[in-house]
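Some structures are shown below for you to check.
Each of the next two complexes has chain A plus one other chain: chain B in the first, chain C in the second.
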Partner chain A sequence: MVDILVCIKFVPDTTAIVRPRADGRGIDTSGIKFSISPYDEFAIEEALLLRDGLKGGKVTVITAGPPRSEEGLRTALAMGADSAIFVKDPALENADPGYESKVLAQVIKGLKFDLIFMGKQAIDDDAAQVPQFLSVHLNLPCVTMARKIEVSPDMKSIKVTRLIEGGEEVHQSALPMVVAFGKTEHTPRLPTLPNIMKAKTKPITVMTLGQLGVSPPPASRIISMVSPPPRKGVKLAEGDTPEAKVDNLIRMLREEAKLF
Partner chain B sequence: MVDFNLTPEQQELVKMAEKFAKTEILPVAPKYDHEGEFPQEVLQKAFELGLMNTSIPSEFGGLGLGLLDLVLIVEEFASACPGIAITVFGNELALSSIVRFGTQDQKERYLPQFTRSPKVASFAITERDAGSDIGGITTSVKKEGDTYILNGRKWFITNAPQADVFIVFATHDPSLREKGISAFIVERGYDGVSVGEKIEKLGTRASPVAEVILDGVKVPASNLLGAEKDGFNIALTSIDRTKPVVAAMGVGVARSALQTALTYSMQREQFGRPIGEFQAIQFKLAEMAKDLEAARLLTWYAAWRCDQGLPFTKEAAIAKAFATDAAMKASVEAVQVHGGYGYIKEFPVEKMMRDAKVLQLLEGTNEIQKIVIAKELIRSVRE
Partner chain C sequence: MAEILIIGESRDGKLVKSTKECINRAKDLGKGYSILLLGSGLSTLAEETSHFGAERVLCVDSPLLGAYSCEGFAHAASTVISQEKPKVVLAGATSFGKDLVPRVAAGLNGCVYTECTSFDSEGDSFRVTRPVYAGKLYATYTLDPGVLNFITLRPNAFIPAHPDPSKRSEILNIPVDIPMNLLRCKAIEVRREKKETPELTEAEVVVSGGRGMKGPEHLALVMNLAKTLNAAVGASRAVVDAGWISQSYQVGQTGKVVSPKLYIACGISGAIQHLAGMRTSRVIVAINKDPAAPIFKVADYGIVGDVFQILPILTEKIKKLKE
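Up next, the complex of A and B:
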């Protein structure tokens, strides 16, 4: 039996065209498609595989965000998570990583768990700070850029393979701990239709910032946000091998040029 | 009260179907279009995710989803490839006739196997000389004791090369026309059932179509679907239910045509500016957009009426005719917006145009849909 908490963030989809709001303090979210941040999807997939491989346990997804984030939790439940916790507050729009991690820590302090999984960074602000902050708040070890995990049969320790420049690093730690995933070997699953229907009956516990009593710590705030200047001219499809270059080119044609 | 909100589950299934279409269908669609092969791999993956046979009731191992749920999924599939959509959702027509008209025994014998593996069921009604004119079929049936003997040839049968089960329509007496037709559940393995060569087509080439030959096929009486000579009603009722499905395919194609044309018109520069800045192009895009929106609402409405148990024959015919005409128009205009590039295989719009055409023909030509609509109108006055 293993209890895994997965912290996720619901962010503009990789294919969404993002523009700054008129006041420059955030992005214009109207009409934008949102998705679970891709690295968080890997974290969910790893949690589900670990749970199912051990033939028991629970995966709880947690997010702290504005009301629309509930959709991300529902997707995670449809993928196979068992339950969800939602800290729902419009004030969490553009929350600083310091605040975000404090809120998550407050939620997690009341829970029983063996592991905390999340993506190494959310792809909207790319801050890559929440896993580290969270582990400090909870006084737990933390390994980032995880690529592979292996939990010991007695469930006491975990080996985490970490991607570093030019190679891999293997860490070992006692449970519980925080693991922040990069891309792993396991492509996040699509929810099956039966699981989508089943998700309806899975519980989402909703909390507010008021209930948690977490006040915002000193934080940076966004004072301006601008779109990059329109790029013109040649763009190279880079990659180590011809195959990788072509894959990259196809991705660019699909996601950037939106040709198909 | 009008509410256009989808349920959270519907929103999830749309997202999932959209992702599936993007990752599993779009990349292979040109290959299947080119080769004209049966998209077995896609079918297998769609089956594993529970995307096939969504309407099989839960007591037979299915999800028992509604028609609105289905059309939401179909739009996503068809936006990537209508041919693959026809293949994956081809079972709906045959299976829904079993769901609607089958005996408990028939349902128990046939429905669960479709929830266990990606089997294929085909609806075999059309003949070389009987398309829109169902009453003109000549495939014959004779009863001998506890057995029905079928003889004849069925034509344009979707998914026939892969089918495990057919719903076959045959006449007791051609002079009785619509009143002499019965429907049968015919297994591929029955003696005398054979499938001819795949028929080469203009579009939807991932959806194989072939002739089915019935040569003295002995069908047990327990496989008569519904009552004897009720086949015409069974056919029309079953086809009514899949018209919104075909309409959704039209919506998917129209949507892709618009998206592709819109993107291209913003990138393609002529006379020193994007062609999308010219009103001639803008009007085309606007026309596509307004037909697309209307087509989707008509499709949802027809499906919703079906799910509510309301009469929906007229609405299904309206949705089918409108949405598939919209798909044809949008895809032709998308080619026009692309100019010469629209006509070559390196761009996706020529395929959309070829694929869209069949949607105006199957499940009753759009001319037949207008006759259905008019009949319903006249009946409402006479009653």
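Up next, the complex of A and C:
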């Protein structure tokens, strides 16, 4: 039996076109499609595989976010998670990672668990720090950029393989711990229609920041948010033959881009 | 005490490029900086590091830091930072820096700015810019002077410092007691692929192949061009998911983020996930037979043509140019 908590974030989809809000301190969320952050999907998949491989246990998904985040929890339940906890508060829109980790720690402190899984970063603020902050708040070890896990049969230790420059690093840790996943070898499953129906009746525990006893988030330190300057546009290397095209490309790279 | 403390990183006993990029940035800001080294058997590395103009090179040299552990390294770094009291702690946004820095910051109630692409000062205040939403937007932050700030710099976004052998910083060994029971989690094995090409995130030039290469056997065309340019090899997600090449080569949202001087995309359509990993490259070249491929929207130069014809010619011509 294994108890796994999976922290997820519901964020603008990879394919969404994001524009800065007029005040430049956040994005204009109108008309944007939201999804579970892709690395969190890997974390959910790994949790489900571990639970099912050990023939028993429980996967609980947790998120702290504005009301729309419930849809992310329902998707995770439809993927196969057993229950969910939702810290629902409009104030959590654009909350900074330090604050998010405090909220998550407050939720988790009262829970029983063997492992905490999450993505190595959420693809909205790309902060890549909630796993480490959370692990410090809970006094647990943490491995980030995980690609593969192997739990010992006695459930006392785990081997986590993480990607490093030019290779891999294998960590061994005692349980419980926090594992923050990058892309793993297992493509996250898509919810099937029967499972989507089933997920509608799975329990979601809802709480507010006030009920958790956490003060509201501090003001953002962002002073501006802008789209990157547009690239100049492509110059195609023309030519009647492949060779002529290559000659033209090399000429442009040398003369204009000052390369080679 | 130096205003900036740089957490140094080494690989095979040498300072990595991203640490040198941090050093140069601190130097350009005109701020005093010290460099912290963590590990086991650091004397040679400390000597190398002493030629980079730091006020001091601080070493925590312990056999317990021979293998990386988030807890051991964070404990050692926090101890030194608490003594030194810098305003800013700086490190490269590598797999080491990105793992360690938030762990240290959390213990010291600090604030972290990850993968910054600019880091500036105005008098006593600091300001950083970093890509958010996978590079679709850039956010600028003013640092809170009331907390300890931690900044990681995106590899290759800054110019590396060069050593000056005529100068030598003071090297100071700082004893830190690392209790054995602190290390609940540590690296027990490090596997590095023997590659003839440079590391993807550090390379000046990256040549990537996509589905247009039609099969793993044809990736040799990409690798040959990369070798000629002393470039790293990259790949699109489609190619990695199809099993043509390992995950460590993937450029893009669920892979690595690169910002080389030159990025050459071969047979890559340019899905948004891919653009997230390479759009900050200085010059982007696309070779694709489909003139409507989205990659041409971000490319600076391009050839509409067959990669199987273009790549061998391009490789040969560059080889001649280099001779």
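The working rule: the second predicted complex is superposed on the first by the 227 of 260 C-alpha atoms of A that agree within 3 Å, B and C clash if a C-alpha of one lies under 4 Å from a C-alpha of the other, contacts with A are read in each partner's own complex, and residues count from 1 in each chain.
Following the convention adopted for this analysis, contacts are C-beta pairs under 8 Å (C-beta built on N, C-alpha and C of every residue); 3 or more make two chains touch, one makes a residue touch a chain.
Quick caveat, the model's predicted, so the values are computed rather than measured.
Colleague: Between chain B and chain C, whom does A:D124 touch in the aligned arrangement: first, second, both, or neither?
Modeller: In the superposition, A:D124 touches chain C alone.
Colleague: Figure out whether A:G65 sits in contact with chain B (first) or chain C (second), or with both, or with neither.
Modeller: In the superposed model, A:G65 contacts neither chain B nor chain C.
Colleague: A:M177 contacts which: chain B (first), chain C (second), both, neither?
Modeller: In the superposition, A:M177 contacts chain C only.
Colleague: In the superposed arrangement, which partner chain does A:G57 touch: chain B (first), chain C (second), both, or neither?
Modeller: Neither partner.
Colleague: Between chain B (first) and chain C (second), which does A:A199 come into contact with in this model arrangement: first, second, both, or neither?
Modeller: first
Colleague: Quick one: is A:F260 in contact with chain B, with chain C, with both, or with neither? Answer first, second, both or neither.
Modeller: It touches chain B and chain C both.
Colleague: For A:R162, using the defined touch cut-off, is the partner it touches chain B, chain C, both, or neither? Pick first, second, both or neither.
Modeller: Touch partner of A:R162: chain C, not chain B.
Colleague: First (chain B), second (chain C), both or neither: which does A:A78 touch?
Modeller: First partner only, chain B.
Colleague: Looking at A:H137, would you say it contacts chain B, chain C, both, or neither? Reply first, second, both or neither.
Modeller: A:H137 contacts chain C only, not chain B.
Colleague: May I ask you to name which of chain B and chain C touches more residues of chain A?
Modeller: Between chain B and chain C, C touches the greater number of residues in chain A.
Colleague: Hey, what residues of chain A end up touching chain B and chain C alike?
Modeller: 257, 259-260
Colleague: Can you list the residues on chain C that touch chain A in the complex?
Modeller: Touch list, chain C to chain A: 11, 16, 68-71, 94-96, 98-99, 101-103, 105-107, 111-112, 114-115, 127, 130-144, 184-193, 195, 199-202, 241, 247-248, 250, 253-255, 261-262, 272-273, 276, 279-280, 283-286, 296-306, 309-310, 313-314, 317-318, 321-322.
Colleague: Considering only the defined contacts, which chain B positions touch chain A in the complex?
Modeller: That would be residues 8-9, 11-13, 15-16, 19-20, 26, 48-51, 54, 63, 65, 259-260, 263, 267, 348 of chain B.
Colleague: State the interface residues of chain A toward chain B in the complex, per the touch definition above.
Modeller: Of all residues in chain A, those touching chain B are 71, 74-75, 78, 190-197, 199-200, 257-260.
Colleague: Write out the stretch or stretches of chain A touching chain C in their complex.
Modeller: Counting only chain A, the residues touching chain C are 12, 14-15, 17-18, 20, 27, 38-39, 96-98, 101, 121, 123-129, 131-133, 135-137, 141-145, 147, 159, 162-174, 177, 182-183, 185, 187, 221-228, 231-232, 234-237, 242-243, 245-247, 249-250, 252-253, 257, 259-260.
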